[in-house]
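The two complexes that follow have chain A in common; it is paired with chain B in the first and with chain C in the second.
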Partner chain A sequence: MTAKQSLPWIAGAALIALPFVYREPYHLHILILILIWSFAYTSWSMMGRFGLVSLGHGGFMGVGAYVTALLWNHLGVSPWIGIPIAMVAAAILAMIVAYPCFRFRITGHYFVLVTLALSGIVLQVITATRDYTGGSLGYTPDRTKGSQIWALQFDDKVTWYLIALGVWAAGLAIWKWVDRSMDRYALEAISEDEDAAAAAGVNVTWEKLKITVISALMTSLAGSLYSQYQMFISPDTVSGIAVSLQMVFAVIVGGLYVSLGPTVGAIITILLAETLRIGFGTKAVGWDNLVYGVLLVVFIIFLPKGILGSIIDRVKMARKA
Partner chain B sequence: MLVVEGLVKRFGGFTAVNQVSFRVEQGEILGLIGPNGSGKSTIFNMLSGTFAPSAGSMQFDGSEISGLAPHRIINRGIGRTFQIPRPFHRLTIFENVALAGYFGQGRHSRIKAEEAAERALGMVGLTADRHALVDGLGAAGLKKLELAKALATGPKLLLADESLGGLDEHEMDQAADMLRKIRDELGITIIWVEHIMGVLMRVVDRVMVLDHGEKISEGLPSQVSSDPRVVEVYLGTDAVATQAAAAEARR
Partner chain C sequence: MTDIFDIYLLEAMVNGILLGGVLALLALGLNLIFGVIDVTWICYAELVMIGMYGMYYMVQAFGLPYYVAAPFTILLVAGLGALLHLLVIAPLLTAPPINQLLATGGVLFVLQSFATVAFGIDFRNLGIRMPVLKFAEMHFSYSRLLAFAAALIGMTLVYYFMKKTYVGTAIRAISQDRQIMALMGVDTRRIYLITSALGGALAGLAACLLVLQYDIHPFVGLSFGPITFLIVVLGGLGNFVGGFVAAFVFAEIISLGGLFSDLEWGYVLAFAFFIVMMFIRPAGLLARRS
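Entry: the complex of A and B
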């Protein structure tokens, strides 16, 4: 094994060992949030990297969070069953919205607008059905009196850290799997020129639908995990346009075309939000959004490949020279 | 092999192709010529599934293909090139061709797709670094890549769209010989669209001439090039007058 091949394994082992050595609860909490959001952002990038810019992913995340919690509270369905149901629900929602778009070739800005509506609709539905969902006041999964494993509720942060780490790593594995498949060639081709891709024999609608469904399934899982970890969800934190925009922003900052780009984006955005919250407290409510907005413009103009993407490019250039 | 009957394509009130019928026999090279806007590319777009015909039928190997999605038509064995090469810039040269080899032949194995890509690149003689991006290729290289992509889909019938635009005379001859080689060695039937009559006439078995969406002449190259209607639309009425004057002078 070369040094380059062994690096992910060493890094992985270090990440697994970390909570057994270092147990400061606040820092672990931040790490867990970073891992869960990194997974959500990676899920968004599965399709975003192929030019399928969706502002509907807040909707998928909301479905994941709320369906799991509602099934648990109202019907006593364990999250182990509720999460797959929520994922399937998000996938069906994705197909209902995406299939007509792909079939009738709604692309670019128009696709963004359709998905934007999806985010809004999910948020409205959660708010409107307040008798069940608690509306805009938020919702709390019932605390378990029995098995914690069955309820997927754990008090200690180490367990959550390991769960989040595992899911995040699985997200990267799915990225690599797509990256190595022939479907990646097809999707790259589609993102450039749909007619030419079709002339090479690619079933354009099917390829786009597949990656969209994979992305929706993953995003829904991120929503469920977030809900199980935080034990509190509100429409604004797990669904809606704001969450969708947050995904786009973080991924663009981190780097859209590299596997760890979304993770770098999550680290930067979460640290930024926490710093502002601690540094300025209630005086700075909403400042992070302002900073995001300014940074987004700066990044799109000066570093369109994001922080990690640009660093990797520099390193490659330096090696060639 | 291909039987087209009463093919019509309308775009709004404009009829781009009007009642065109023709046949293509196994193993021949059919030239399709006509001035700009005469409907050649529209016919190609219907044969390859990009547009559905407004009316008429297209039978390939005995089954109807009109209205099928492009990827289905390609999987049945009709490959195409575009008038202006449309490579994928985010993929390497080899990946461009391997993509066509994989999806164009119904997603069989990746190894077979890569073999098909190797063969196609060898056939067209693209010698550039296969693992480089396509950006370094010149006009001739891009045309070869476009052809390799079409060949990698394993076609029985190749629709070659104006493959010589932008090439110099030597490159044109090479490309024409390439099409003949593809027919002779791989047994692929070809429909070749071109405006440059000279080179085309040297290679094709038969020619069909379109003007304003209608077929005005069809036959052997020697017959067609002396057909007065063809001379008129193709070279303009001035040419007819010049020819007439030349004939007069000879008398």
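Entry: the complex of A and C
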């Protein structure tokens, strides 16, 4: 095993050991949020990297969060069963919207706007069914007394940290798995030129649908996890256009085409938001998003490959020279 | 009263038509930008929001009459549109379309949070009460009638501008063939700038009209922004007539859906209709299937 191969294992071991050495609750909380959102952003990039820019992922996240919480509160279904149900629901939703899009060659602007409609629908449905979901006031899963594995509720931040770490690592593993598969080449061909790919024998609709469903399943899981950890969800924090744009933004900042790009994006955006929140105090309302927005525009104009992507490019250039 | 043509149904239908006018105006602005520059302004509704704040401050803080403040607002938002083009779109003209779209998404964040920081998150309104028109037991607010009339006049003006003036002809020509027009001696940069200002002006006009019906807050754009995108896509991006028709179809669905249940269900129905239509007519309502 070379140094390069052993690096992920060493980093992984260090991350697992971290909460046993250092357990300051606020910092752990930030780390957990970073891990959960990193996973959500990675899920978005699964399809985003192949040119399938979706603004509907806020919808999948909302389905994940709300279906799990509603099943628990109203029917007493454990999140262990509720989360898979929510994931399947998100996947079905993804298929309903994505299949006609891919079948009828809806790409580019059109695809973005259709998926935008999807996150709009989920947001409106959550708001409209306020008798069950609490509408725009938000929703809280019923609490159990103390930590309960069955209810997937833990008082202890270390447990949550380890869960979030595991899911995040699984997300990266799925990325690597797609990276090594034949589907990756098919999807890259599709993102370059659909007609040429189809002529070369790639089943365009099927390939796109596969990656979309994988992405929706993962995003839904991220939504459920977020809900179980925060124990409070509202339509604005887990669904809608703002969340969808937030995902795209973080990924663009970090770097869309590298596996750790979304994670870097999550670290930067969450640390930025927290720093601004602490720095400005209550005056911070709006300032964090203002800085976000300006950065997003600046990044797209000057650094379209993101921070990590650009650094890796530089390193590669330097090695060649 | 169980008759299907009962008076409430009729009232909802007329209100739907009135709402359709303003939506058609918004759709026209977006279509213009898309048709000519090939860019979607995700932040279009946020330009309207800034215009609404402009109206609010001119009327409330400077005490200008409504009809004096309105032209200033239109100019203000037209300027914003031109600025948006110069600062964000122009450097990205050769970038992939998705990057342009996302950059305007960033502008959406900027405008929303700028409004939050500068104006606060309180709901405000102009405090102008328009009388209500009673007609055959039905009630229509004058603000909606005014909005409908002004939207129609605005659209007619744009139509004549496009058909009768040199610049308008150049704009239509560019939307047909981007490369050739530059060779024909048309300054595309200037045309793009004029189109952006025109799109902004339409957003400004919409702001003047919507400010009569909606409370103003930094996130007000979200209440009509998404629906505008759906209308534009349903009509076929860049298809002016399609957008016009789709605006009225959507407005009727929202209005009638709202009659039978909450307003949100009207929106849900409209969204669902949109997705179903994407199955049937993916290239837009009026497109011919190839």
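Throughout what follows, the second predicted complex is superposed on the first by the 318 of 321 C-alpha atoms of A that agree within 3 Å, B and C clash if a C-alpha of one lies under 4 Å from a C-alpha of the other, contacts with A are read in each partner's own complex, and residues count from 1 in each chain.
What we mean here is this: a contact is a pair of C-beta atoms (placed from the backbone, for glycine too) under 8 Å apart; a residue touches a chain by one contact, two chains touch by 3 or more.
Being a predicted model, the structure only gives us computed values, none of them experimental.
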Chain B versus chain C as contact partner of A:Val112, first or second or both or neither: second
Which of chain B and chain C A:Met182 touches, first, second, both or neither: first
Partner chain in contact with A:Gly201 - chain B first, chain C second, else both or neither: first
Partner chain in contact with A:Trp168 - chain B first, chain C second, else both or neither: neither
Comparison of chain B and chain C by chain A residues contacted: C
Chain B versus chain C as contact partner of A:Phe102, first or second or both or neither: neither
Touched partner set for A:Phe39, first chain B, second chain C, both or neither: neither
Touched partner set for A:Gly120, first chain B, second chain C, both or neither: second
Touching partner for A:Asp193 - first (chain B), second (chain C), both, neither: first
Doubly contacted residues of chain A, that is, touched by chain B and again by chain C: none
Of chain A, residues touching chain B in the complex: 182, 185-186, 188-189, 191-193, 195-204
Interfacial residue positions of chain B with respect to chain A in the complex: 48-50, 69-71, 74-75, 80, 82, 86-91, 95, 98-100, 102-107, 110, 113, 149-150, 153
Chain A partner contacts - residues on chain C that touch it in the complex: 34, 40, 42, 88, 91-92, 95, 97-99, 101-103, 105-117, 121, 218, 222, 225-227, 229-230, 232-233, 237, 261-262, 264-265, 267-268, 271-272, 274-275, 278-279, 282-283
Residues of chain A that touch chain C when the two form their complex: 51, 53, 96-97, 100-101, 104-106, 108-110, 112-114, 116-118, 120-121, 124-125, 127-128, 240-242, 245, 248-249, 252, 285-290, 292-297, 300-301, 304
